[in-house]
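Structures incoming, each one as structure tokens.
In the two complexes below, subunit A is the common chain; its partner is subunit B in one and subunit C in the other.
Presenting the complex of A and B:
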């Protein structure tokens, strides 16, 4: 099989830079990371300098995603050798055990980290991930709530909790989590839009009107958010069609829906190279 | 930790496909039980939270419109769960399936059993459910459920080896960037090419 550098005609520097970009953008394109990273490690380790350690970490996690335990093990050994006793490396060892579905051993690993450092948030979150992997949603939710009482500013955790609630169809609690996120991130159009989706799903006229407002807000924050645009159209249309609204409200929502339709059509026309179906 | 808002995680992907079916008869559906339903294509929907309504409604509406333009009908719903070991239909699958069944009584709900997945695709890993009296009943799925299992196995395996899934576009991708075409013409071309 041809090497990555041969297939794509890239230098080792370009491969290293690509890995860095993927790290910075938090891409989880694990197969590509394994392809590029493995070659970099095998052929060019000596040239990478201190970068190699973070590359080992990145490649190890990608290897776990791809069931490449051989590669993950190699990376882990290198990291253990270089950073003996490191909590960060211990966590990686725990993740490997998770990937092998050895959840009890993984949990013990994280417990040992927490014994030395009870504030180690990474280890606590991994323990919650184990519960999620085992399908123990109720427990995961409980643990995550406890975690958030202590670490109330952890946005990633609030977002994870909102997802867990959504999967359990507990939309009210999901909305609460998203409200927290919107409060601390008032300019984030994604949280606004997701909140609107939750409200829409809850249903009922009040929630629909709220959802329309938040779809509109998301659009104000980012006028290219297509979900917000579609959401505005859907919510306004449903409100206009509801028998419970008076003529004024109906008229206003027909106006919003029409505006949204025009914007949607413009968005599609601006992007047509091939015909885009359905719109 | 990985930021799931940024990009789809391969491990977490839950492709949801809908089957379009071409009626083999030109007549109106009078005695549909005698006409076997042939599903000829599928459209991946979402990889992420499935239990929210608005984008699902948008997707079903757009796909339904497109189906009508192409003389197809939405004939079913397909789901693969996030956790490999979890292959039973959940509330989302049942609700979407029921919705589709409102418009097409023979609608099937299909669950993927990821635990039996192999790159060689030697055996079918689908469980097919039919809607009877508000309940979903699993029917026997074997190679006879497919038009031509040998071809299907060969083509699917080749597509997997070639990593065609890297270019697969679902509805989420389309909403992220309208230029992404959820009809996946390139992959459909590859399928024909491999026939």
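Presenting the complex of A and C:
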């Protein structure tokens, strides 16, 4: 099997930089990380210097994601040897137990971390992930709420909570979580668009109007967001078709829907040869 | 093996059971006809694309629609599928949009939506979620024999021997487990091998679902390229005989009852047929539906 550097004609520095980029952007492309990282570790370990430890951590997590237990074990051993007694390495050991579905042992591992350091957010989040993996969504939601009472600024946690609520069909609470996210990230078009989708799903005239406004906001922030464009068209059409609205509102919404249709058609004509069915 | 029947349909079915008395004959005929009516056939193309969709997004719940190009009435022949979402399945706007677009495309290509499939992110639980039931209900409004298919992630190990699917049908407004004897997969081993081959070669990344299409509208959610690749790998013997699915299902039933000691001309198997292969695993799977 050809190595990554042969297949893509890259040097070890480029591979190292790619791994750093994936690490900083928090990508979950685990198969690629394992391919690149394994080669880097096996062939170029001496050249990496102190970077090697963080690469071990990154590759270990990716290996767990791809069921590469052998590679994960190797990375963990190296890290344990270099950083004995480290909480961060203990967390990785816990994650390995989770991957092997030994949830009780993993939970004990995280509890021991929290005993030494009650403010360790990583261990608390892993415990919530265990609940999620076991399908105990109600408990996961409860624990996550308690966590967020203490660590209000943790955006990753707010987003995770909104996902959990969406899966439980509790759209009101999911909307609340997304509102928190929009407050702290007013320029993120994805949060606006997701909030609009939740409002649309909740239904009712008020929620549809709100969803239309937030789809429009998402488009303002990023005019190439196709979901927002389609969402604007659908919410405006639904409002215009509703019997509860007066003539002015109806007219305005028909205008918005028509504008959205034109934008959609332009986007498709500019990019693809086939027309948009159903629009 | 020619696909034309020298005998009328009823005579074929009669050969399965000896005639004991007049009433028994009529009951067996009715049951056989009922069986043909309730049967669902899953094509190689549909299965492979569903499987690859679940493999492409192993950490997410995924869903999609099952399509049929055969006319309504009689057994349901799932000939194709359209992968839909891998994010936020319970949210309405994109689901509604996708259903509308697929509906229009189906009308243009003489297909109809006959079912819905979903694979849950949580491997230990393959029961239908509320949103799966809702979408399946919507489809059942338009199609009488609609099916709900859940992909069982727990059974998708590298050397899986039985199809990792659980099928439900609608009976009196509730979705109940479908009798496994009425689910047909043509050329099961070949289908499974094609799916593994595409997975190993990395071609599963060619699959485009509706979510990916919205991220980049130049990507084709009808997956013509992948369809062509799968068609290349499928052997000519797997093609549907002229006359459509109903004829071949009768042929399955006939060959399944006489498989022992007889040369099989068509290698298609119903899940019922697998039982006759004397395989312990398959028998255990049939006995234990979980």
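The rule is simple: the second predicted complex is superposed on the first by the 272 of 279 C-alpha atoms of A that agree within 3 Å, B and C clash if a C-alpha of one lies under 4 Å from a C-alpha of the other, contacts with A are read in each partner's own complex, and residues count from 1 in each chain.
We take it that contacts are C-beta pairs under 8 Å (C-beta built on N, C-alpha and C of every residue); 3 or more make two chains touch, one makes a residue touch a chain.
The structure presented is a predicted model; accordingly, all values stated were derived computationally and were not measured.
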item	value
Partners on subunit A (subunit B, subunit C) - clash or fit	clash
Subunit B versus subunit C as contact partner of A:169, first or second or both or neither	both
First (subunit B), second (subunit C), both or neither touched by A:267	both
Partner chain in contact with A:125 - subunit B first, subunit C second, else both or neither	first
Touching partner for A:230 - first (subunit B), second (subunit C), both, neither	both
Partner chain(s) touched by A:156 [first = subunit B, second = subunit C, both, neither]	first
Touched partner set for A:212, first subunit B, second subunit C, both or neither	neither
First, second, both or neither for A:27, with subunit B first and subunit C second	first
Contacts of A:90 with subunit B and subunit C, given as first, second, both or neither	neither
Subunit A residues touched by each partner, larger count belonging to subunit B or subunit C	B
Residues of subunit A at both interfaces, subunit B in one complex, subunit C in the other	28, 65, 133, 135, 166-167, 169, 194, 196-198, 200-201, 203, 211, 226-227, 230-231, 234-235, 267-268, 271, 276-279
List of subunit A residues in touch with subunit C within their complex	28, 65, 133-135, 166-167, 169, 194, 196-198, 200-201, 203, 211, 226-227, 230-231, 234-235, 267-268, 271-272, 276-279
Residues of subunit B touching subunit A in the complex	1-11, 49, 51-55, 57-58, 61-63, 65-66, 69, 83, 85-86, 91, 163, 166, 175-176, 178-179, 181-183, 185
Sites on subunit C touched by subunit A in the complex	59, 88, 90-94, 96-97, 100-101, 103-105, 108, 122, 124-125, 129-131, 214-215, 217-218, 220
Of subunit A, residues touching subunit B in the complex	25-31, 65, 122, 125, 133, 135, 156, 159, 163, 166-167, 169, 190, 194, 196-198, 200-201, 203, 211, 226-227, 230-231, 234-235, 267-268, 271, 273-274, 276-279
